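One chain, chain A, links the two complexes that follow: it is found with chain B in the first and with chain C in the second.
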Partner chain A sequence: MEAKKITYSYVASLDVLESIREMLTQAGNDIGLSKRKTYQLTLAIDEIATNVIKYGYQEAGISDGFFDLIIEFKEGELIVSLEDTATPFNPIEHSLPTEEDLNIPLEERPIGGLGVMIARQSVDEFKYEFVNNKNRNIFIVKTN
Partner chain B sequence: MEIKIKTKNNILIITLKGSIDSKTAPEVQQKVLESSVNSKNVIIDLTSVDFVSSAGLRVLLMLYRQIKVKNGKVVLVGVSEEITDIMSMTGFINFFEIIDTVENALNTY
Partner chain C sequence: MNFTVTSEINNKVATLTLVGSLDSSSAFVFQEEIQKVAVQSPVEMVLRVSELSFMASAGLRMIVFAKQKLGSQVQIYMVSPQDQIIDTLQMTGFIHSVHIVDKYPE
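For the complex of A and B:
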């Protein structure tokens, strides 16, 4: 397949989550990615985009934020990069719940903290870079 | 997002339709918790739910807590492979009874 790169820009509002899922589902279908892998990619990006919108922008008092999703089709890989100018946040430094944490009865569990774990575990590879004052979360899915 | 609520044999049946993400979850949570405040036994029908993020899991967590203090039971119906995946990954799967149809769920009470 010919290498192809497409950039989509979004305002930092939770209203855009649904259209992001639709766009990614279409991208997954277009390249014949399995239904399950396509869903997991949309889930991973939904979780990180939510954090960027809610904590990176809205809670930081930035009302006119935006972010980009850059989709690259490469041989054997679908790569989606989420770039934002919100508060720097490295999900890889974020400590994940341990096996023990996940066995805590639901009535005693802390609320929250699952989004980053879900995002990291739902794609084949997850990377984070901070470049030119931008957060770049990179989601890689093997397509074959 | 559509939320339909009914009771049968004194068991509350909540049918959800659409996506439960961080945009829709606050409304779903409010409706689910409000409608089940006087119920001990709740069935959540997820057959027509096509997407659940961690925000959706939080709704299930809050409902579970509200019902658990009353020694009640939450049964989930129509749980897709995708929802099963996220519930397994987070350990939620161990705390809910998962049944294929509403009819069969009613028979567990």
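For the complex of A and C:
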């Protein structure tokens, strides 16, 4: 398959999550990605996009924020990059809950960290870069 | 797909039917419904989720909220979750704290 790159821009509002999921589901279907892998990629991006919108922009008092999703189809890989100009945040530095944490009864659990954990574990490879004053979260799924 | 939740209480069992996509923009709808049923102090909570097509961590946080609100002794059942949602429950360890069943009562 010839490399192909498409950029989608979104305003930083939770209302856009549904259209992102629809767009990614379509992209997954178009390249014949399994239903499970498509769902997991969609879930991973939903989690990080939620954090960017809520914490990167809204809680930081930035009302006109936006972010881009850049989709690249390469041989054997689907790569989605989420780029935003919010406060730098590296999810990889975020400690993941341990096996022990995951066995704590629900009512005693700390509430944070789940979204980042889900995002990092739902794709084949997860990377983070801070380039040109932008956060870039990169989600890579093997397509064959 | 929009998210909807409806609830009923029979014999102290709260049954909530969740349909659509439960994400950070819709989780508050689920939270309000949990608060509504909590007033009647149910002894069990049954979540009918066969038509729940998407659930993000915001949905998991609402399950934690339900446990905290209703009390740890209140058992939570999830009836017929889709495979992808079972994957998330597994990954996050929630599978140990809720009962996954094909039908309720079992």
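Convention: the second predicted complex is superposed on the first by the 144 of 144 C-alpha atoms of A that agree within 3 Å, B and C clash if a C-alpha of one lies under 4 Å from a C-alpha of the other, contacts with A are read in each partner's own complex, and residues count from 1 in each chain.
Methods note: a residue touches a chain if its C-beta (ideal position, glycine included) is under 8 Å from a C-beta of that chain, and two chains touch if they have at least 3 such contacts.
Small disclaimer: the values here were computed from a predicted structure and weren't measured.
Colleague: Once both complexes are superposed via chain A, do chain B and chain C end up clashing or fitting?
Modeller: clash
Colleague: Is A:I6 touching anything from chain B or chain C once the two structures are fitted on A? First, second, both or neither.
Modeller: neither
Colleague: Does the superposition put A:M117 against chain B (first), chain C (second), both, or neither?
Modeller: A:M117 sits against chain B and chain C alike.
Colleague: Could you say whether A:I31 touches chain B, chain C, both of them, or neither, answering first, second, both or neither?
Modeller: neither
Colleague: Kindly list the residues of chain A that each of chain B and chain C touches, one partner per complex.
Modeller: Touching chain B in the first complex and chain C in the second, residues 14-15, 17-18, 21, 36, 39-40, 42-43, 46-47, 50, 53-54, 97, 102-103, 105-107, 109, 111, 114-115, 117-118, 121-122 of chain A appear in both lists.
Colleague: Give the list of chain A residues in touch with chain B in this complex.
Modeller: Contact set of chain A toward chain B: 14-15, 17-18, 21, 36, 39-40, 42-43, 46-47, 50, 53-54, 97, 102-107, 109, 111-112, 114-115, 117-118, 121-122.
Colleague: Mind pulling up the chain B residues that touch chain A in the complex?
Modeller: 19, 21-23, 51, 53-55, 57-58, 61-62, 64-65, 68-69, 81-82, 85-86, 89-92, 94-95
Colleague: Touching chain C in the complex: which residues of chain A?
Modeller: 14-15, 17-18, 21, 35-36, 39-40, 42-43, 46-47, 50, 53-54, 97, 101-103, 105-107, 109, 111, 114-115, 117-118, 121-122
Colleague: Residues of chain C touching chain A in their complex?
Modeller: Interface residues on the chain C side: 1-2, 21, 23-25, 54, 56-58, 60-61, 63-64, 67-68, 72, 83-84, 87-88, 91-94, 96-98.
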